[in-house]
Each structure stands twice: as C-alpha cells, then as structure tokens.
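The structure under discussion appears below in the form of structure tokens.
The letters A, B, C and D name the chains in turn, as written, and every chain counts its residues from 1.
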Amino acid sequence: MAKLRAVLIGATGLAGQQFIAGLKNHPFIELAGLAASPRSAGKTYAEALRTANGMTAWFISEPLSPSVAGMKVISGDAVQAKDFDLAFSAVEADVARELEPRLARDIPVISAASAFRYDDDVPLLIPPINAAHAPLIREQQKRRGWKGFIAPMPNCTTTGLAITLAPLIERFGVKAVLMTSLQAISGAGRSPGVIGMDILDNVIPYIPKEEGKVEVETKKILGALRPDGSALSPHDVRVSCTCTRVAVLEGHTESVFVSLGKKASVEEVVQAMREWKGVEVSRDLPSAPPHWIHVHDDPFRPQPRLDRDVYGGMNTSVGRVREDGVLENGFKYVLVSHNTKMGAACGAILAAEMLRAQGLLG
Amino acid sequence: MAKLRAVLIGATGLAGQQFIAGLKNHPFIELAGLAASPRSAGKTYAEALRTANGMTAWFISEPLSPSVAGMKVISGDAVQAKDFDLAFSAVEADVARELEPRLARDIPVISAASAFRYDDDVPLLIPPINAAHAPLIREQQKRRGWKGFIAPMPNCTTTGLAITLAPLIERFGVKAVLMTSLQAISGAGRSPGVIGMDILDNVIPYIPKEEGKVEVETKKILGALRPDGSALSPHDVRVSCTCTRVAVLEGHTESVFVSLGKKASVEEVVQAMREWKGVEVSRDLPSAPPHWIHVHDDPFRPQPRLDRDVYGGMNTSVGRVREDGVLENGFKYVLVSHNTKMGAACGAILAAEMLRAQGLLG
Amino acid sequence: MAKLRAVLIGATGLAGQQFIAGLKNHPFIELAGLAASPRSAGKTYAEALRTANGMTAWFISEPLSPSVAGMKVISGDAVQAKDFDLAFSAVEADVARELEPRLARDIPVISAASAFRYDDDVPLLIPPINAAHAPLIREQQKRRGWKGFIAPMPNCTTTGLAITLAPLIERFGVKAVLMTSLQAISGAGRSPGVIGMDILDNVIPYIPKEEGKVEVETKKILGALRPDGSALSPHDVRVSCTCTRVAVLEGHTESVFVSLGKKASVEEVVQAMREWKGVEVSRDLPSAPPHWIHVHDDPFRPQPRLDRDVYGGMNTSVGRVREDGVLENGFKYVLVSHNTKMGAACGAILAAEMLRAQGLLG
Amino acid sequence: MAKLRAVLIGATGLAGQQFIAGLKNHPFIELAGLAASPRSAGKTYAEALRTANGMTAWFISEPLSPSVAGMKVISGDAVQAKDFDLAFSAVEADVARELEPRLARDIPVISAASAFRYDDDVPLLIPPINAAHAPLIREQQKRRGWKGFIAPMPNCTTTGLAITLAPLIERFGVKAVLMTSLQAISGAGRSPGVIGMDILDNVIPYIPKEEGKVEVETKKILGALRPDGSALSPHDVRVSCTCTRVAVLEGHTESVFVSLGKKASVEEVVQAMREWKGVEVSRDLPSAPPHWIHVHDDPFRPQPRLDRDVYGGMNTSVGRVREDGVLENGFKYVLVSHNTKMGAACGAILAAEMLRAQGLLG
C-alpha cells in the first residue's frame, strides 16, 4: 500500500519539530514536504534551523534524522496541495487563518493551531472520546465547497481533562468541573516562549486566553453530533478553571474537582477510568497507547517528569482520586498529560489515523 | 522597659533560623537562649551549625550575626523556664509533644509545631483574624493548671487562605472553598526536606497530611469563641483542597475557588480585600505590614518570587479575582503567602506581639 | 549641597530597573530623568512598563516607588544634556554607540553598555582596583573635544575575576588565569534573554562574545596608565576562559585556576584577599561594601543564592582556595559576584561616586 | 547459549535501579537475583520499593517491568555465589568493602562502588580505553586466592574526561589537564542526595572527595599494564580540577583545558576525537554506541539535557574545541557524559560484556 504523502507547514518551530519526531517510521504516513516561512524557503531543513549565531535550533530529544535534515524547505505560500495527500499544520493561529483554508480546498488539514477550533462546522477530535464527531467534516466540506477539510486539535490543557472526564460522563454523568492547571513551559514554544527569569523559582498565575479555551473546548469535545450531522451540541457540563505555569519542561499537571451526576465510590470512579477503552475505532490505531488512562495507587503520582512519557506520551496518568466534601457527588483527582505529544503533534497524528480508519482521509 | 527574654527551642533547624532572623532588632523581645538537641549542647551556635564535612548549615539570606553565632546552645531538655519570659518553639511535632508542655507550666510557648493545634483549649492565632480567640488561653491554663500556655501557629498553607477568606466572610459570608496549592519546598525543611531529584522539572502532587490540616484549621481559625470562653465553634465553611509541591524556594501559591454567601461583583470582592484592616489590636504591631492583603490588577501577579518578600513576607498577595460560573456566587483568585515568614516564624512573633498587647504575655 | 541630577537612558529594561533600585535614597545623586525608546515617550514610567497583555514589566524584588512610577518618560533622542549633571546608560550597545557620544559632549555618561569599552582613551573603572585610570578621561575629553566623557563598566563576568586577581597581583604577581564561568541568566536580560526551555535542567556552554570580552577587559582593568596619561598599558597576564550559563537567577560563579608570579601558601593567598582594601579613594564611597572580598572557610561556599546579596551585592565572595598541581605556583578558587549589582548598575553608581571624589564629576 | 545469571546487590537504590533498566532484554546476561538490605529481604522488589507513606520509590523513566517487580529480594548477606555467574554491585562503599570480597571469592563482581578502585591489583576498566588492563584481574585472583574478582567502575566524573583524553594521548600526548565540572544531582543518589533547597537557583562549589578521585583515577585509567602483568603504571598526565554541582538532573558537563604533547590545530584535535574507535574488543559490544565521542560544530552544544541520552547515554558529547592561549599547546573544550549510564550502571554492563569477550567472565 502506498503511504499517504503529508506536507508539514510550520516545520521549523517547536510544534513542527514534534510532528517530525512523531511521524518517524510511521506505518502509512510519509513526511513528503516541509514548509516554513519564506525566509527558510530553498534551504535544507538543517540549514533552516541554523540561527545567525551558529545554533542548530532542533530542541527535542530524538535526534534529527539525516533524511529530514537534507529535505528542501518550501515556503508555506508555495505549497501545492496537489503534491500531497494531506497536510499537518504547526503554524501560529494568524498564519493558520490564511494558509489552512487554501490547502483545505483540496486536501485534509490536521492542525495544532486554534484558528478554526470554534467554528460550527469544525470538530475537535480526540479519537477515543468523540470519533462520532468526525462526520461533521462532511458538513464542513459541503458548506465551504472544499474537497479537503480542517480538523484542528484541542488546546493541550483541554485534552487530558476531557479524556479523564469521558469515562465519568459515561458511567455517572458530570455536572461541573473546577480545575487548576500547573502547565509546562514547552507549550509556549520558543519565540520566545517562557523566559527563564520568569519561571525559575516561580509560578506564573496567568496564561492569556487559556482558561476560556479550556472551558469552551471541553464542552464541545464532550458534546454530541446532532442527528442531522450539521453541528455539535456542546455538553452541558459547567467548567471553571485557573491556568498557571510552573517550572516543568513537558507535561501538564491538573488538579481537578468534579461533581458527578450521581453517587459513586472512589473505587467506582477509579474503575471507570481504568476500564475505559474509548471508542472502538480508536483502540488499535498505530499511535494509540495500550490504555488511555493509567490510575496510580501511589499517592505521590502522577508526576510530570516520571509520567509524561509513558506509552510515548499518549497516556493520561491519574492519581489521588478522593472524595470531595464540597461539591455534590464530589470527587477530586490529579492528572498528568503530555502537552506536546498527546496534547499536540501526536494527538494530531492519532486523529489522522482515525480519520483514515473511518474512510475520511486518503 | 526591659525586653522580654525569649528562649528558642529547635534553634538549629531551618524553622529555628527563621525565628532568629525574625527576632533581630526586635523592639521588645530579646533572644536570650538557644536550645537544640543534646548533640549540640555546650557548643556555640556557629559550632552547632557546622556539619561533619565542614559546612556551616545556616540557610537563610540574612547573614548570621556574630552575637548569635557566639551564643552557647543548651539542650532542649535542660531549658529552665525560670530563666526566660517566653519560649518560641521550632521543633518537630513529636519533640514538641514532650517539651512544650514542660515549659508551658511556667511560661508562654509560641510554637510553629503542629502538636497541640487541634486541642479544644488551644487557639490558632492569626492576629488580624481572630485576636478574639486569645482568651481561650485562660481556659487552657485553668484546665491544665499551667502558669504559661501553648499557642501554636497554623499550618503555613492555611494562613494565606484564611487571611483572604476573612474579609469575604465579613462582607458576604463564605459557604465553601476549593483550593489547590502550589507549595514551596522550604516548608519541608532540610532533614532532608524535598530532594532535588524529586522536584527539578517536576510537580509532586501529594504532601502527606497537609490537606487535612488545611481543612480543619481553616474552620477553627475562622470560627468563634463561645460566650463562656471555654472552646471554639468552628466556622461552617466547607473546605476541600489538593496540595502540591512545585519547584519554588519560598512562597506558597494557592488557586482558590470560593462560594460566597450572597451575590457580589468582582469589584466588591476586590474592595473587601483591599479595605480589610483586620482586628484593631493587630494593626500597629511591630511585625504587622501596612496592609494585610495586596490585590494586584496585573493579571500576571501574584508570583511567589516577586511577591513573597513584600513587607517582610507578612503580606498576602492576591490577583486574578474573577467570577466563577460553577459555584453559587462563585469567585476565583490566586494568592501568594510567604510560608516561612507570615506562615511560620514571623507569624509566631506577630502572635507574641499581639498577646502582649492583649496583656496575655509578659 | 545640591544633589547631582542624573538622567537614566534605557530606563525600562532590566538593567535600567537595576539603576533605579540602586539610586534609591542615594546621598548625592538624584534620579531626575528617565529616558527610553520613542514608543515609551510621554508615558509615565509605570505606563511604559505595562505590556499589551496587562503585565507591569518591573522585574526586580525592590518594589517600584510611587515617585518613580509617576515620572514622565522622555525619548532617548530628546534628552537635553543641559537639563542634567550626568547620565547613566543602560541601553544596548548599538543604541549606546549613537546616544552616548551625543550626551558626552556636555555631561559625563557612566554606562553599562559595551560600545566604547575597547577604545584607547576610555578607562574601564573598578574603583578599588584602578582609580588611577580615571584621569584617562581628560585625554578622552581632549581628543574628542567633549566637556563630558564616557566611562563604561566592564562586562559583569570580568568584574569579580579582576577584583580577586588584584590582591594577588599586588602581592605575588599573576602570570596566567584559566577560568570557567557558571553564569546567571539575568545578565541576558529579558528581550528575550535566556529562554526557560533552554536552561531548565540544563547548562548552555556558550555565551556569544563573552569569553573575548573577559580576556581583553581583564588585562585592561589590571593594566597601568602610561606616565603621560594618554593611554593604558594592559597587564601582561594571560587569560583563557570558557563561559557557560546555568539555571541561576542572579550571581555569576567562576572557577579560577591562577599561576602566581612567585611561590606562596594557601594561607598567604587567603590573607592577601582578606587584607585587600583597594585604592584609598574607593574605600568610603556610599556604595562601597565593608570588604571588597570575603573569603569563606566553609568549603561549600561561595554559592550564588546565599552569597550574591551580601553587602548589597557589592562584595565578591571567594572560597575553596587550594593549591593547583598543574600550573607554576598554581592556585585554584571559586568566586561569586553579583552580575547585575557590582557587575553592572551598582558598579556604575560606585564609579560615579569615585569620579566625584576625584573631582572628575560634577 | 545459556545466559549468564547475574545477581544485583544494592538493588533498591537509584544506582541499582539503573542496573535493572540497563539489563532489560540483555542478549546474554539475565538478572537472576536482587539483593538489598535485610529490611527488604523476603519482600517482592515492588514491595521493597514501597515507603512508609505509600510511595513506590522507582525513580527512573523506564517503567519497572512486572517480572522484576515480582522478584523476591534477598538480603545481601544471604547471597550465595554458587547460585549466580556474576554479581553487579550498586551498594555504598562501606557495604561494598564487606560484601564484594565475599562474593569475589567465587564469582566476578562488577561494581559501581569506589571501595577497591585504588588497590594495586584492581583495574579501572573503560573498555574503549584500557581493555588491555583487564588481565590485571589474573594477578588479583592470584594474590587474593579468589576464583572471582572485583572490577570497579571509575567515578562518573572521570569517565567522560578519560574518554576524551584517550584520543588526544594517542595522537599528540597530553601533559596536563585543568577541568571544572558542572555535575548533575543524580550522582548523589536519593538518601538524601542533593536537597532541593540547596540546588534550586544555585551552584554548590564542592563535592566532597570528588576532585581527588578524578585526579587519581584519570592517571590510572590512562596508564599502562606493566609487562609482567602485576600492576599498572599510571599515566604521567597532571590533572587538577574543581567539581561543582548544578541544577541538572542527569549528565555531567565538564569544561576542560588541556596541554598537548605537541603542536596541533583545532581541526586535528576534532579529527582525533571523531576518528577514535577505541580498542578493538570494545567496538561491537551490545552496549557500545556507534561512536564513543560525538564532536559538535554547533557552539551551543553539548548541553546535558539535549545530549546526555544520545545512543542510550553511552556516548560522550564534545563541543567548543578551541585553542587556549595560556597552556603550552593548549586547547579547551566542553564535554557532556551521562553520569549514571556510561558513567555508572551501563558502563559496568559494558565492562562485563568486554570481560566476557576477553574470556575473563563466564
């Protein structure tokens, strides 16, 4: 079987690099094109990463393979959809707003950018939760007259939260969620991202726009596709959160208080998470972990440094599941989710895998 | 006026060192004795701090003064109450359980240890909040037949939370609180405290016993002395929290969700905190800050590194006051409180100052 | 006596903020003007610090005083020399190259920028070492036809090294120095400075241009003014160094190997540093510390976090003085110097104080 | 072919855990026994790792496999040499002094402990450098009347230094080395290891005994076995170093100044390192990396976080190779070496592999 030929736009940034790492040795997707800003066009990828002072700006632990290093970078504006089967997008929101629709006329665009997340005809796919939202893509194509489509990933802070809520909703219902995040600095990228002087020996209690994203996206992800396939009805869970930044490189930690729809015991809550298999189509995808959620008994877990990389960063680790005495049917727990793997590039690759399994891609 | 002669027990540990720094140049308390374990007895304080490998284990930024460095350390067991007017205690809970009652037979003991916090006849004093609890000391003396008494400080995580709740209770009432703490590592001390490998690039989601302390102590601090002065009626606020440890040296950050007793606006909540002056007797104490609470407009504040040391670490910094859509009359905010100054040694000195102003000390 | 009226150019950056903190309550210098980029002109200083997302970008622990917060910022280009007695400069090198000479035509400019450090008629003043270089200013004025002058500060990494070498040169002579620095991130400023992702759990082994600066400046600082006052003869010490960046906020640590001009014992080397008083004119300046060098006996010192702020950051802390078996008359030691206080803004203020004592300023 | 049955003594500590990770799926060594202190004896390994407060003290990122988790731990004192083909030792030096000789009477003991490193009849094996030292084991067996032997690994700070010196000695000779280390905290283990409060925002300039170890071991490792095989003649390179601790989890960084035996260019020095293949017997061992040394052109490398894990942590990364103007034929460079992989457990496994290839093991 011929592999799907993918172009990656925004290839030189930190998010783009994570796509490159995630697509290495992929069974059916081939990284066939790298696009970046006009300034990088015509250079090899390795040259495009080199800064004025001689640094090769490749920042992830998996070394850059020689084959990718030698690929010629094209300008995002010059990408020809006809040369590719799909596009992955790791550009900033403002660039995405221009570039993604142009490509989506012809090919699917799976994106880490937020530009189109809140459009009515755009699903926010987390395969084990809402594979059933994928057909909204047909509506999007119809409305916009596109052959392709745009499928953006949720905000990285939303992903782990939504995954842990999904089994609770299925078993008990969830009425409300209050969450405080302790987020890693990698999510802010490197231009300039979080400055060292701001985060060493410190906590930053505010991440602009983050809380609104989590509150809106969680409801959308956990919602339902209307019977006519024309739009999503958001879930009626109420969500309130405070998002902070801590001195952690990778892996978002979230302290969650949740009000269930009915009485339950700690054991039942733990069991619901442990037994949750997610939607069937999501289970055997190449990037899927053996379990979507791992619940620790050790009260000192999860910890971002120890748990973020389990199963390639595709797992959500949970611990400290306890009753909460304040909320109705209240429980509290802590989760760790890898913000740049499951929460970004690898989550997008997982979504592409699912869309293909659903016959919506390639 | 002669100064009160204080003995410090547990003088060599991190908490003890903070008492020494806090009592430097105190207007009416003189550090007249230093006590530690029998192993240190007979040495000068500087010698007692020296470890086998040549390190002088003085860990706070204010340099050790030569006069304290040269004081002879006595064994905690050998402290004679008659030589002193009061004792400050910075020992561990198990040592406190033996040592503090022996001294309290004759002199007041103001303590950072948790050993007696939960006894019925023991107040948990935060001067601006509950100066009115101080007379419970009379009941304690009567019941136990002591001339002195034990006045323990609350847990450091409770202090900042209780201070920010106090003005809300006064103006609006508070029904419930959900709090997630991001705590500094200094609170764990140095024996061994938090290990570097555990906290660098990491979050530890569990601090044994901490959450229970915060939940119980908050209700006690905010409660009311019964008319007959025999005990405290805890406040009926419901408190639920998750306490975590982050890579911060000093200063606890807390993300608070609170349900008020009646409707309010963000402006009213901010105003309540800004205008709060605390109980009158607390206002002009030598260690009191000009304001108990500082509310930031800058959404990136408070930050522990920038805000912990304001007004000598006696201030509580608040920011990000917003409405919360989940709780009834819900609001959310972030606070920073200095865990080893207002939250421990300096809070104890402040309490001593208040007790003297109330005629209960010396 | 009227205070000298100083204008600060580059007032909004991190270096500028340190000048503001350092000049607070100065006995004879008044901060009379604040200048920054045209974008800030006309705003109050507090407004100029406010970023688009609502942050007040004041990053040092001393709070911004209301009087400075309310000062109107002028554009660097619009500063009128006639309105001031001297200028302090905290601008980047390229801006300094334009702005400093314009002001120096009329008034003295004491600068933290590197632009003019290597000019023949420009001294690099560290008061206790080379007060005798100050008259080179007369040559500078003569050559350039200026009424004022430019006196730049050395690179922050050079300062601590030069201070510890000075007493060794006086007593024993110094032939060669090999130094490895472990530098704090504050030196890189905030635009963007060192990125959090680059420094957390990491060391960066390269700081562009830093090593060359240290090698050249050390020789210049320790050199001698020619008898005719026309230029400096650099010291013939050979200097080789490797400069690295570590996860420290403030305070450069340097590991030094030094070859003395004659035999000495560890005791003699320690004594030379401890007894060193520096040039007489430098000793009683308002910003001068009681000792220029503190030598620790504790082998675990100096440490940047514990030692950087001693005596207001104006002291250089030394420890681990030992013989080295490789170099001729070899010794090795570790030093800590505050890079943004003695090594930048406060060092510049100290230089201004000395120049005034020498009759060269105001 | 039957696998060699190995017992690991000191299995529960951090070093022991690294042996367990390193031996996972080993082609010819089977982890057949786990030994620890009497307190752990009789428990499963997972139980032995559980602390009083419920923590499972497994601290490395590779998850603990169920098969190891279920193994019964035996007391170090109860280990029967006859049950095993070899022993790996990860105990502290004082325990090693008792336990290792008892086992070495019958079986080879490959050890990370320092207890026997400095004995005349004990080699310090780094396979690519000094495979030729291995026959000293015969002398050891003869002298001590043992059927087994003790082969300790060098100190982790020595390993990277010696590896980078080896090709320089071969091509140019090396007369002297001055080195400053910036060491990771993992080397100190967890009992208590480096305390968080000591290392956050800090550098510790002293690691007890470390410098002496590096100076003596480097000469021994690079020395030559005397023709009669009875002892090693240390290399006459002079070594002087300063060892510091920085806020890095894993990976020692070292700033090296070296005086070569003859003139060379930077290109030749780089080439010598890049082309160095090490002793033939070391090249194809299962744990050997494709190259022993990687020399970066990017001046911002090596960095511990980015380079420590290359080739499973068995590679030494070098960068910033430059001439040094102070030493005779002087050069300087920076290296990063993984202190707990190549520098400890995995280095010991590599040595075992080599000894087997040499017919000295099993």
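Worth pointing out:
As a convention for this text, contacts are C-beta pairs under 8 Å (C-beta built on N, C-alpha and C of every residue); 3 or more make two chains touch, one makes a residue touch a chain.
Nothing here was measured: the structure is a model prediction, and the numbers come from that model.
Listed candidates were B-C, C-D or B-D; the one reproducing the A-C interface, defined as more than half of contact pairs identical by residue number, is B-D. Simply put, of A-D and B-D, more C-beta pairs touch at B-D. Per-chain Cα centroids separate chain A from chain D by 40 Å.
Chain A and chain B, compared by their mean Cα positions, are separated by 42 Å. Between the CA-based centres of chain B and chain D the separation comes to 47 Å, rounded to the whole angstrom. Multi-chain contact residues, meaning those touching two or more other chains, occur in chain D at positions 53, 59, 200-201, 208, 247-249, 299-300, 305-306. Those residues of chain D that touch chain A in the shared complex are 53-56, 59, 61, 63, 200-201, 297-300, 305-306, 309-310. By the touch criterion given at the top, residues 176-178, 180, 182, 200-206, 208, 238-240, 242, 244, 246-249, 253, 255, 257, 299-306, 319-320, 324-327, 330, 332, 334 of chain D touch chain C in their complex.
The part of chain D that touches chain B in the complex is made up of residues 14, 53, 59, 185-186, 190, 192-201, 208, 247-249.
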